[in-house]
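The next part holds the structures, each set out as structure tokens.
Presented sequentially are two complexes of chain A, the first with chain B as partner and the second with chain C.
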Partner chain A sequence: MDIWFLVSNTIVLACIYGTLAIGISITWSSLGLLNLSYGFIFAFAGYGAWLFAQHVSPFGPAVLVAGILSGALGGVIICALGFIPIHDKPNFTIRGLIATLAINLIGTQFLLWWFGPRSKSLPEIFGDWSVSLSGAVFSADKVGNVVTSILMLTVVLRWMQSSRRGLEIRAMMMNPHAASIVGIGVRRTSFYVMGITGGLAGLAAVLLSQTYYISPFGGLMPMIKGVSIALCGGLGSVRGAVIAAVLLGLNEALTGVSIGGRYVLITQFTVIIAILLVRPRGIAGLLDRAREA
Partner chain B sequence: MNIAVNNGLSGGPAHQPRREVLNVKGLSAGYGPIRVIHDLDLVVECGERIGIVGLNGHGKSTLFYAIAGLTGWQRGSIKLNGKEVGRTRSQGPGRYTHEIVRAGLALIPQGDEIFHGLTVEEHLDSGAYTATAWRDRATRKLRILEIFPPLRKLMNVPVGRLSGGERRMVSIGRGLMADASLFLVDEPSLGLAPKIGKSVINALMDVKLGDAAMVIAEQNVALLEGRVDRVIGMHVGKLKGEASAALALQVHRKA
Partner chain C sequence: MSRDSDIKWRNPLFVWGGKSDVEELPTIPFRSHQEVWERTRQSRAKLNPVGRLRYYHKWAGHGGRMWNRLRYWPTRRRVLRLRGEYNPKTLRAEKTIVDKRPIWWVLGLLALAIGPLFTPGDLQNTLLTAGATFGIYSAISLCWMLIMGTAGIFSLASYAVVGTAAFATALLAVKFALPWWLLPPIGALVGLVFGGIIALPATRLDGFYYALLTLGLNELCRVYFVTSKEFGAANGGLYGATTYVPEDWSQLGQLLLAYYACFGLMLLALLLYRFVNGRRLGRILRMAPEKREAFAEATGVNFRQARVWVFVISSIGLGFIGGFYTANFGGVAFSIFNFDTVLLGLAMLVIGGIGRAEGAVVGTLIVVFFDQVMNTWGPARFMIIGLIMLLVVLYLRNGLFGIKAQFRAWRDKKKSERRSTRAEKGGEMLPEEATETDDKSIIYQRRYDKMTRDHLKTLVTAEIIEEHRQTLNGQHSEALERLLVYFRTRPQEEKYAIMAVERFAGYRIVALSGHRGVAPRVVEDKIYSTPDDACHGVFMRRIQDLLES
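Then we have the complex of A and B:
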């Protein structure tokens, strides 16, 4: 056990979980929907990438793109099934929770029925090389994970900062009522949001498949971690989610090397509860520059 | 002062009839079991500046929200530029609002519905919703800055850090960015110091309307006195005919 192993594991986990958590966080704050079908989107994207690798081309970057696109498609499907029909009905928050959970359960069973219980593995996306830096060895998939997830997040966040659709999404995240007053259509914007967050889930699915396998229920654990990290970072805050992802990635790496990987959820929720006891609004409560409306 | 001579409510003005921007007939609206607007009729012609006065809770804001499709339920006809935008509906507040905005409505809501994390500039951009307004948003922003010069220095500041008066300027500026033919301004002086409230009203009065129309809801009648084309009183969800400012204070009732 050396320090570099710990650091690199932390960074890799933080990148993947951060990707998931940012997706969940954006969905929650712009649409008011806690998307519990994220696990299904995750598995759906994994199988999409697997099908692409089997039938079209096992070329790494192409498989990655196929995973992202099928994740976006999954997000759009969830939006059409679980958000559009109920978003302006009474009690939407609870209904949305139950609807997305139901889609998650039905969808994963469907994947189980269609693809069978045997796990699938993707081809190596980033090749089989490694760099060694002052004694520390970074394998190809670790470097690739970090680079692609940071690249993707940068692109998404830049797009949200600079484009008109991004402005609409950010406006909806801050004040949905005012957003509809200035003419931002909730239903159309929701497709953008769900497509993008689905794409983020697809990226995380392909990246995690380099370590684990693709299985119908493989999305459950990443979803739980993503939701809890989003909660810990303060729902709706991108920077908060990034910081929380680093903290909890560090926690996971530390737990893995000290008392064993199977206790990760226990230590993780202990940390989250501790943070939320001190900062009820999550880490974002420390970051906010603006006064509350 | 504009004493009640012609009754615009019945849709038959005595002067040369002009194009109607807004024609509301038999509008009722409310939230859940509560009915706030009762069978209301209103005609707004282009180029007009109208004041609606009335006490708190008598339905001024609900009238505006109903025109924008934001109330809990509503029924009755609302024609905006001849296009029917009202419908009988019992749920889905805000579902059609973006279409109504595209049809030419700019609602400047009460109490500054702002996006507290966006900068002033992004805020003004978000108001330019239609395709044409978005394309020439740069010139529109300059125009807003001429109306509200204090905003010039604040363009890159998040709106959540501004003072109440500055927020109101941003909120009104956002509404004026739109390519609208009907501006609904809800209580522009609410919660502001009298001096600032007066300057905000002055700015609204200075806006050149052209073919558009503006309806201002206010509680402070004195601010509108003699400066708008018509003043209409509102009382428990009904418009009480045209009234001068002084008469509106006593909730003057016309037959």
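Then we have the complex of A and C:
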């Protein structure tokens, strides 16, 4: 029973953090931008969903969609402020990283100033039923979280596989210079990418707010988990991110059972450092073909 | 081509009664070639009265002492970089200060040293506290700058090292009642251990992978210390360590002591920065900048080892600062591990410019001013700091202290743009081409040719063409004669000629190849019926070529 609870919890968290990690991975590999303002996008999307639930309707799926849309809006804002002005300037990678950190600082402080430090809670999105399966009880939000995040990821990945825009994004991932030569606009594509990854972060925000609450700085921990998973799986690789999410989720569950929940982060970073010492570019990352420029 | 037909050219050979001679033909007024010459000679560059040259004040020379320079122990460095020279016009000995930064440093540090004497009474408390904070944070920034600028490791775990050292020393001080002067050395030891551990992945990972990892490490430290019982999870921090500030002093005395102690810490950090960055390790790492590591390695520079050394030395420094932090405030709060603290620290480095000591100090001054002095503004002050950071990153290449170099680069770019719009390219050599050619006389030959063509272009009018059509042979007006002489003196290559397709009936224009044995090239399909028509056709083609050149 206890183990089942932990395992289900881990699967849920792995799904949500994996969503964020894939967003970070896609942004890095297609734009060359290490977006560290996910904490802000996360909180922004949460507050967007909260405002929607307060003023328009508390109907679950509508709140979810509102969260995704406001996350996409946050991503587009970051793109317009932090990517478009400097993407062709010298030293872009470091400057882009610092710019997103600065936007994160401004944005979270703005949310703190506007909404106050008290955390907000969203209505129950998936209702309050539960499924009992051979002694394990799966509550509605857990099932809903897993199903929604997997569904959303599948839709996004299918869209990237099969549509024209997805083709553009994949071309940018392979070789941004050649992509711009054959007429794929870097700026336009960057708006798509940031919109989609922002939407993924918004989804994660709404799903996580079922367990935690919405606060201005609440996005930090999910961002760090997402970044660690993306790092461990290899930046730019969706497959690696999935493997890393499962691996780190397993580690979290095992640590929680054997030593105690306090040491989760310590074992997690030990595992990440060990993996990175063996494979410096993550599980599925290739050493030589790092993205340049 | 204007038709001012009141000017006539009289054919002097007309009286001899040639068959096709015409007595008078309309022509153009005389145009001097001097005009073109003068137009070419005059400069069209817009000259501004100042701002072209770098201005250096010339100090009077000191005769025999001109070559004697003050050097300071223990190095053989000069206090100021001076250049002694003789004025080429007056032959007077004079001195130029090439690098004025030491002067600015001394003035700035003097201002900080005597600053407390001039603080207004009602703000004294705030300003002295902010000054002490500035001293500690600028020391942290300087050590971090060694990691980010000199070693080129994008680490975000500096505040984690400081915080860990501070918490460890605070715990030891509370448990074993250690005296305050033991705390910084113990902190340095903690920094050595922590720095050694996190330097391990730095040897393998590069750039952003390491940044992300250290971001996570910082969060790991925060969670660990916040949740652990022995570090005072209940009251927001660990306090109760002994401080160097005596209890029985007046409040002003305590504040002043803390201010000067922190100022001294900053001076120590500056010394460390100078000894690491300005000496062997810094030299080695300047040899191996980003993307040129392979070259440095090939020349036998072990830059990896140097990086780890710098990292470990700065971590020891950060640990020392952590111990001092505890000894200064009597403890430490969890807020040192906050993500916002890391962001503010990064803002300090970024605003000043990465890779310079003055950048770290001035950036810290700006951030601490907004953070501590403007603390009635609430979250708005962080938004202002973030905004400054964002603007600096978006518009400046290397922070506030990079403005000078960036402005100069921009001005030079604009200058060369304007120079290239001024340059005329009608056959003349471009500056790049001119420096490449071995035979410099070609440059002047081309320039003369261009002036000739410029003058001849002014002579081409409808009257002249009409004159050539009517009087193909014999004497011509002055303008037509000049044109014809120019055309005749062209080289053989691509020169037009007339080929008889059918004798007395069909002629066509060809262009000579200029090489023996290579047949001329057919220029146009048109067949002329007489040699005179063909000859005029050649003239028209040449005029065409002249006008197009």
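As a working rule, the second predicted complex is superposed on the first by the 277 of 293 C-alpha atoms of A that agree within 3 Å, B and C clash if a C-alpha of one lies under 4 Å from a C-alpha of the other, contacts with A are read in each partner's own complex, and residues count from 1 in each chain.
We adopt the following convention: a contact is a pair of C-beta atoms (placed from the backbone, for glycine too) under 8 Å apart; a residue touches a chain by one contact, two chains touch by 3 or more.
Here the structure is a predicted model, which is why all the values come from computation and not from measurement.
Based on the superposed arrangement around chain A, label chain B with chain C as either clash or fit.
These partners fit in the superposed model.
Give one of first, second, both or neither to describe whether A:81 is in contact with chain B, with chain C, with both, or with none.
second
Now for A:174: first (chain B), second (chain C), both, or neither, which partner does it touch?
After superposition on chain A, A:174 lies in contact with chain B alone.
Please indicate which partner A:266 is in contact with in the superposed arrangement: first for chain B, second for chain C, both, or neither.
After superposing on A, A:266 lies in contact with chain C but is clear of chain B.
Tell me which partner A:187 touches in the superposition: chain B (first), chain C (second), both or neither.
In the superposition, A:187 touches chain B alone.
Quick one: chain B or chain C, who's touching more of chain A?
C
Quick check for you: in the superposed arrangement, does A:164 touch first (chain B), second (chain C), both or neither?
first
For the combined three-chain view, what is the angle at the C-alpha centre of chain A formed with the C-alpha centres of chain B and chain C, to the nearest 10°?
Taking chain A as the apex, chain B and chain C sit 50 degrees apart.
Report for A:90: first if it touches chain B alone, second if chain C alone, otherwise both or neither.
The answer is both, since A:90 touches chain B and chain C.
On the overlay, how many Å separate the closest CA atoms of chain B and chain C?
Value for chain B versus chain C, nearest C-alpha atoms: 5 Å.
Which chain A residues are contacted by chain C in one complex and by chain B in the other?
Common to the two interfaces on chain A: residues 89-90.
Inside the complex, what are the residues of chain A that reach chain B?
Interface residues on the chain A side: 88-90, 164, 167-168, 170-171, 174-175, 177-188, 289-293.
Applying the document's contact rule, which stretches of chain C touch chain A when the two form their complex?
For chain C paired with chain A, touching residues are 154, 200-201, 204-209, 211-213, 215-217, 219-220, 223-224, 227-228, 339-340, 343-344, 346-347, 350, 378-380, 382-383, 385-387, 389-390, 393-394, 397.
Would you tell me which residues of chain A are touching chain C in their complex?
These residues of chain A touch chain C: 34, 36, 39, 81-82, 85-86, 89-91, 93-95, 97-99, 101-106, 108-110, 112-113, 217, 220-221, 224, 227-228, 230-231, 235, 262, 265-266, 269, 272-273, 276-277, 280-282.
Looking at the complex, which residues from chain B come into contact with chain A?
Residues 68, 70, 91-95, 97-99, 101-102, 107, 109, 113-118, 122, 125-127, 129-130, 134, 158-161, 174, 178 of chain B touch chain A in their complex.
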